[in-house]
Amino acid sequence: ETPKDTLVEAFAIDDIITMDPGEAFELSTAEMTSNTYSLLVRLDLNDTTKVVGDLADSWTVSDDGLTYTFKLKPGMKFASGNPITAEDVAYSFERAVKLDKSPAFILTQFGLNGDNVTEKAKAVDETTFVFTVDQAYAPSFVLNCLTATVASVVDKKLVLEHVKPMTPTEEYKYDNDFGNEWLKTGYAGSGPFKLREWRANEVVVLERNDNYYGEPAKLARVIYRHMKESSGQRLALEAGDIDVARNLEPGDYEAVAKNSDLATTSAAKGTVYYISLNQKNEKLAKPEVREAFKYLVDYDAIGSTLIKGIGEIHQSFLPKAVLGALDENPYKFDVAKAKELLAKAGYADGFSVTMDVRNSQPVTGIAESFQQTLGQAGVKLEIIPGDGKQTLTKYRARNHDMYIGQWGMDYFDPNSNAETFTSNPDNSDEGKNKTLAWRNAWDVPELTKKTKEALLERDSAKRAETYKELQKTVLAESPFVIIFQQTEVAGHRGNLKGLKLGPSFDTNYVWNVSKE
Amino acid sequence: MTTAVSVQNLTVSYDDFKALDAVGVDVASGESFGLVGESGSGKSTLLRAVAGLAPVAEGTIRVENRQLQGARRDKAFYRSVQMVFQDPYGSLHPRQTVDRQLLEPLAIHGVGDGERRILKALDEVGLGSGFRFRYPHQLSGGQRQRIAIARALILEPSILLLDEPTSALDASVQAEVLNLLEQVRRDRKLTFIMVSHDLGVVTHMCDRLAVMQNGRVVERLSSADLVAGRIGEDYTRNLMVASKGFRRG
Amino acid sequence: MSGRRRARSRKAVVSALQFLVVVATTYLGLLAVTFFIGRVIPIDPVLAVLGDRAPSHVVERTREAMGLNLPLYQQFFIYVRQALSGDFGVSVLTTNPVMTDIRRVFPATIELATLGTLIGAFIGVPLGVLAAVKRGSIADQIVRVIGLVGYSVPIFWLALLALLVFYARLQWVAYPGRIDIVYEYTFSPITGFYLVDALWQGQWDVFRDVFRHIILPASLLGYFSLAYISRMTRSFMLNELQQEYIVAARAKGLSEARIIWGHALRNAAVPLVTVIALSYAGLLEGSVLTETVFAWPGLGLYITNSLQNADMNAVLGGTIVIGSVFVGINLLSDLLYRTLDPRTRAR
Amino acid sequence: MSALLTVEDLRVRFPTRTGVVEAVRGVSFALGRERLGIVGESGSGKSQTGRAIMGLTPPHAEVTAKTLSFGGIDLLSAQPKVRRDLRGKRIAMILQDPKYSLNPVMSIGRQIVETLRRHESVSRAEARERALDMLAAVQIRDPARVFDLYPHEVSGGMGQRAMIAMMLVAGPELLIADEPTSALDVTVQLEVLSILDKLVAGRGMGLIFVSHDLRLVSSFCDRVLVMYAGKIVEEIAASDLGNAKHPYTQGLLNCMPVIGADRHPLPVLDRKPEWAL
Amino acid sequence: MSLATETRPMTRREWLLSDRPQSRTQARLGRAYMTWRRFSANRLAVLGLIILLGLIFVAAFADVLAPHSPVIGNLAGARLLPPGGEGYLLGTDDQGRDILSRLIHGSRLTLAVVVLVAIIAAPVGLIVGAVAGYSGGWVDAVLMRITDIFLAFPKLVLALAFVAALGPGIENAVIAIAITSWPPYARIARAETLTVRNSDYIAAVQLMGASSARIIFRHVMPMCLSSLIVRVTLDMAGIILTAAGLGFLGLGAQPPLPEWGAMIASGRRFILDQWWVATMPGIAILIVSLGFNLLGDGLRDALDPRESGQ
């Protein structure tokens, strides 16, 4: 039995490599950060196309669409006891941009850089923070981006106590590390929980923040215990040694659902799984082949077996619940049709091709199923299994034939996916913008332009329409065979109340959870 | 008379221990020379040094007027010097038939006509062809020692080094092997250097002998002198007394 | 006399020097192999630092910062110099200095392996002795089958079954990890060996809990080493029981028990020590599969994880630790061998 | 002379895959407080006879006899415990090769003490005293030092003396010596024999002396049994050896080279199949 | 020698057991027959041999024996069926494939892995060990250092690294396992060589003027062989399990190859509800490893007369 005031979750947390919100970009970390740090605005869980204020009491957008002015709520404190001021917000933006770690692009895409950030993200007074962007972006886009964990507000005073001096170099022009080294395992936030400890591959411990300005968390402590195996998680859940199992696979999920002592919860996530065809491979570059492959996935069988409960068939690149998402699944498993298309492309007898597959479920299962269905149309698929990092290394270098993987939204805005699936400004090997389209050498100047336009469309309805069109094009022509959208699931003890998974990985809040 | 083997000032050491300490022995061609002494006195080591199986620290070894360097020996050497070991159970390869063991030296030296030579060698040591395809474990100790002798003789050497060839054998079998050795020596005009701790055996087989103690030669004398009691050293005298059997007193 | 002593001390110095050379070359070899591995595995080390989702310009920048653009020999040089200064650097996966990580994960593995080996030895040796003494009997066959099954069964599979029975059904043991979260903050380990620490601090309930966690994985590892140890014990015992001194002991009128345990086993113990030590060293490498199944934060898992993320600092640190264990255990079993076998003792 | 040991029709059989090997085939003799020699060539069953008396035959062998009694105790029907108590206490055996017959990892002193403490309840200190005395009795010069040595640290002759000490420390009435000197140098051999001789004479033990060396046996023992193929082919008083009747005994006597005797070639044994019948 | 024995034809057994063989072949066969007799007296060892013959048989006739395709399944219709139902004797896996058929075809892979590792690792270990042991001096020092380095290296890390470097696939898994498994063989061979090196029969061959290579290959190695064979058969189980472990970590055979370890790995996810998916290949591995172990154990007794009594 777990203690009454403590929530114990079994969770695969081996992806965590840092706890610094300016640096962290991992899915598990997103959950920890969003529970321990505050943001200016958060996603509105009741209508995910909107945002609500967190630290910000209110905000205005200037008519030219370039200036965003945020008014902070008064009298708020960090967990350390220091007051939260606009100065802290500005510092948080400054350090994220200057550190320029993985998630920094979410902010720098608005024209911020190390030289201008102090101008563009600025505290006017104690409670007023002004953010200036370089183009008249859709306000929904800007605000959505600010819900990302990289925009978390850190305790400037506390961080400054821990900065490490650095010698400026060509690449890194600043004389200190903005507390990055300390914050990797340290904590300087103001969320409902504070981070007590992170031991890599072992445990993350959160504790209630008594200085929290909002409604206090219901439980005193949350412990994420690293456990990789679904079966192990289920055993521990059934025995009551944990309260929540976070990485259940379909079979175990079903069993938990059937157990009267236990309950389950789930939420569709902004992650889609796809198979991509490298256009450097001349066979895969044929439009008929691309289309044929979309007919060669046994969507129904996969949906009812391999991803049952943990995903839903979804063929367009925008996940459900995102602005402009297209809810249409036109492709069905159809060998005859595929064969016809292949014959048209000149491959009536099929051909051989390889696919890099990481060793994790459900992708291996899907890959094996796809291998069999491709075989029915005469295409011989060789699966090259590898560890995640290994396949990714190859994928990023564009050395694959085919790749099966997932794309999770970097921030909760359609542009996050649109940009990667449909824009490819420079298809050369040196191309700077290594989007998924680039990785698969899909050279689409038209679409790239259209994506950019959508970004600047300030009318939400029109913007949504553009994304729908983009999705239709991708469905028809792209080298992406998008298969399903992930559903995150959790099994938990029956005495647990208030556990709700959010639409994204940084909205899995635990402060409402209580025990009976 | 030419010298077959001449050892001068020979020293062999294992780590810090001197197994042989400045030993000198001369053996004439066609002679049968004996080495006696208690266990550990260096008798085997002397033979092994001549054969190139022991680390020579100092001294010279000449065999048939050729000076030998360290432990290196050329092929001609192996055709003129062969050795028979003490333990018949350890000197035959346990996984090879008699046939193979006899064939091996012929193969190494590229000598043809193996079939005939093997049969002849077996015949010579009084074992018929019936023993040819046996494994050592199918032979008695005396039979093994005969095979070892046959193996040593098959390359037709002129010098035979015998390291206690009968001490592991029964008295009755010992007599057979000793007779065999005497006979081949006579037939082939071989030179023997024979080690034994049994003075009876040595006087029976050898013309001259050297007595060893603690890695040194303490006395050289002829068998006739020994039998007649013309002994110079106390140590030799002790050995002599001990070989006469138990005397209550 | 003094000359002999001098000779002996010179010998001691020589053998100590020899030992140092052996250790040094072994380490250098380990370094080289690890470096080589780090270069040939097709995993971009940058990914380990940045995670899967880093944008490409950050990847490029980091690659340069990590010196991965330098020529290989320079990289090797830097690498060796760093390792020789005892600094294995920081693990990019955990952000801790590698040595700190190892100080955390290694005790977990040592504790598990030690208990496993104790179980294996304390059951395996008597079983092996029994099998040798009752050679050809039913008891011998049973021991043989027990041993061979232990040798043949996929351990991760057995582990899951054991969990199912002893944890899920019977609730005899605890799971997962090393200790219940209840004690996570009431118990502060000093040495990192929880059993020892709990005893030391007199926290009986903690001890009980830790024991309930460790006993199942330790038993499984124990079964595994039992299989090997019992086979080897049987073989050594058969050898000893045929020796002439056993006949002599019987001629003295000693009881069978005394002959077996006091004479034969005492002699068989000499080679057995090496066998047990080597099997212990094998367990100390960390059994990745068992550690995965039991959510045990041990060294094997740490190294495998690091390797899969191209976190070569951590791999090197772990490898050197295991190499040291190997060298150390070899040395230890040598010493034990010497104390057990008077024939190898210097007079 | 009352018989200490009576052996009548002793047989030892070894079942093997290729059939039953009869190592001892009906050996009978009686022994008083005297020195009895057993000679014969290798494999003639000398050791197995000795071991059968001690009860040290390997478990898979069959041992039968009309009578096998020691001091009135029927050895074959006696409980294992009874036989164990006899061994070392009243009947002792010296094995051939000290190199292999001493436990290599136990100090010599402990091995001697072990025998003593197995059979008599004596204090540790007293056992040590008696072991040291015994070592002195077998003419070891520095008993206190040798007490703490390990078998590999002593020479063969010394090891054999330690073995004798170990077997005699509990004061047995019968000693079986199985080729106790064949692994030793000639000079040492005689020393060991003279120790044995003195002890037997001094303590009034019965002695069975097994050897393949007929001359040695005859110069050491009172009576000699000659074995061939598991049977006794001749029994003869040592002094009477010159008049041995059996051709096998004569052959054994003749085939040894003797200093001064110039016999070329040596006479050899011509084994007759009928000897083995 | 009487005429009667000359004319009466010998039975085959007598011919084999004759202690006067008339030809090389007879001698060799006789020796083999004695070994076989010792071996076959051990019933468990014969059981081991039968298991392995069974494995070879199944592997040879996999195409005929397997009722279904080992790679093509019925995802929608026959997924995770329990054993015994509707023509799936051992049930089906998560791709709806017949487990029995996969096991039958997988026997080929298992056999291939085992044989390949044995013919790579054992000879390498044997040569390294024998050369080191016989040569002594710096050759010994260098070779043993290399062996030690490989021994001191965590085995799985080494195997993983090699597979990662060479790319996944059964061939590379084999190479990786071979690379990690030769050092113990080298040690055994060296130890054995050291005891053999100073024996008189080696001295005798040296005295014939044989070259070192000849001595090592023709005289020393055969002496190391039996303990090596025993060790290799005993290790076979470990090799199968290492291959399985690599498969378990996803680095062994490529899907959809029915490699048993990979089958356990993918079936492990269902162990709580569909126990058969992981258990069937687990049992297959258990049986085959047990077969090898029993065989090795029997060989140890048969080849090593010291342990087989008189």
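Order of writing sets the labels: A, B, C, D and E. Residues in every chain begin at 1.
By our rule, contacts are C-beta pairs under 8 Å (C-beta built on N, C-alpha and C of every residue); 3 or more make two chains touch, one makes a residue touch a chain.
Since the model is a prediction, treat every value here as computed from it, not as a measurement.
K.L.:
Quickly list, by label, the chains bordering both chain B and chain C.
P.N.:
D, E
K.L.:
Using the touch definition from the top, what's the fewest steps needed to get from chain A to chain B?
P.N.:
The fewest steps needed to get from chain A to chain B is 2.
K.L.:
Between C-E and C-D, name the chain pair that shares the greater number of C-beta pairs in contact.
P.N.:
By number of C-beta pairs in contact, C-E is the larger.
K.L.:
Of the chains present, which has its C-alpha mean closest to the combined C-alpha mean?
P.N.:
Closest chain centre to the overall C-alpha centroid: C.
K.L.:
How big is the gap, in whole Å, between where the Cα atoms of chain A centre and where those of chain C centre?
P.N.:
Comparing mean C-alpha positions, chain C is 40 Å from chain A.
K.L.:
Hey, how far is the Cα centre of chain D from the one of chain E, in Å?
P.N.:
49
K.L.:
Hey, how far is the Cα centre of chain A from the one of chain D, in Å?
P.N.:
Spacing between the chain centres: roughly 90 Å.
K.L.:
Name the residues of chain A that each touch 2 or more other chains.
P.N.:
Within chain A, residues 231, 235, 387, 390 contact more than one other chain.
K.L.:
Indicate the residues of chain E shared as contacts by at least two other chains.
P.N.:
Within chain E, residues 164, 167, 249, 268, 271-272 contact more than one other chain.
K.L.:
For chain C, write out the residues touching at least two other chains, lowest number first.
P.N.:
In chain C, the residues touching two or more other chains are 41-43, 160, 164, 308.
K.L.:
Inside the complex, what are the residues of chain C that reach chain A?
P.N.:
41-44, 47-59, 61, 64-65, 91-96, 101, 104, 160, 163-164, 167-168, 171, 174-177, 180-182, 184, 292-293, 295, 297, 301-302, 305, 308-310
K.L.:
Report the residues of chain E in contact with chain B in the complex, numbered from low to high.
P.N.:
Of all residues in chain E, those touching chain B are 19-24, 26-27, 31, 199-201, 203-210, 214, 218-219, 222-223.
K.L.:
Could you please specify the touching residues of chain A with respect to chain E in the complex?
P.N.:
230-231, 234-235, 249, 251-252, 255, 298, 300-302, 304-306, 357, 359, 361, 364-365, 367-369, 371-372, 375, 382-387, 390
K.L.:
What does chain B use to touch chain D in their complex?
P.N.:
Where chain B meets chain D, its residues are 38-39, 141, 170-176, 178-179, 182-183, 197-201, 203-205, 226-227, 238-240, 242-248.
K.L.:
Which of the residues in chain C come into contact with chain D in the complex?
P.N.:
Answer in residue numbers: 243-245, 247-255, 258, 263, 266-267, 270, 340-343, 347.
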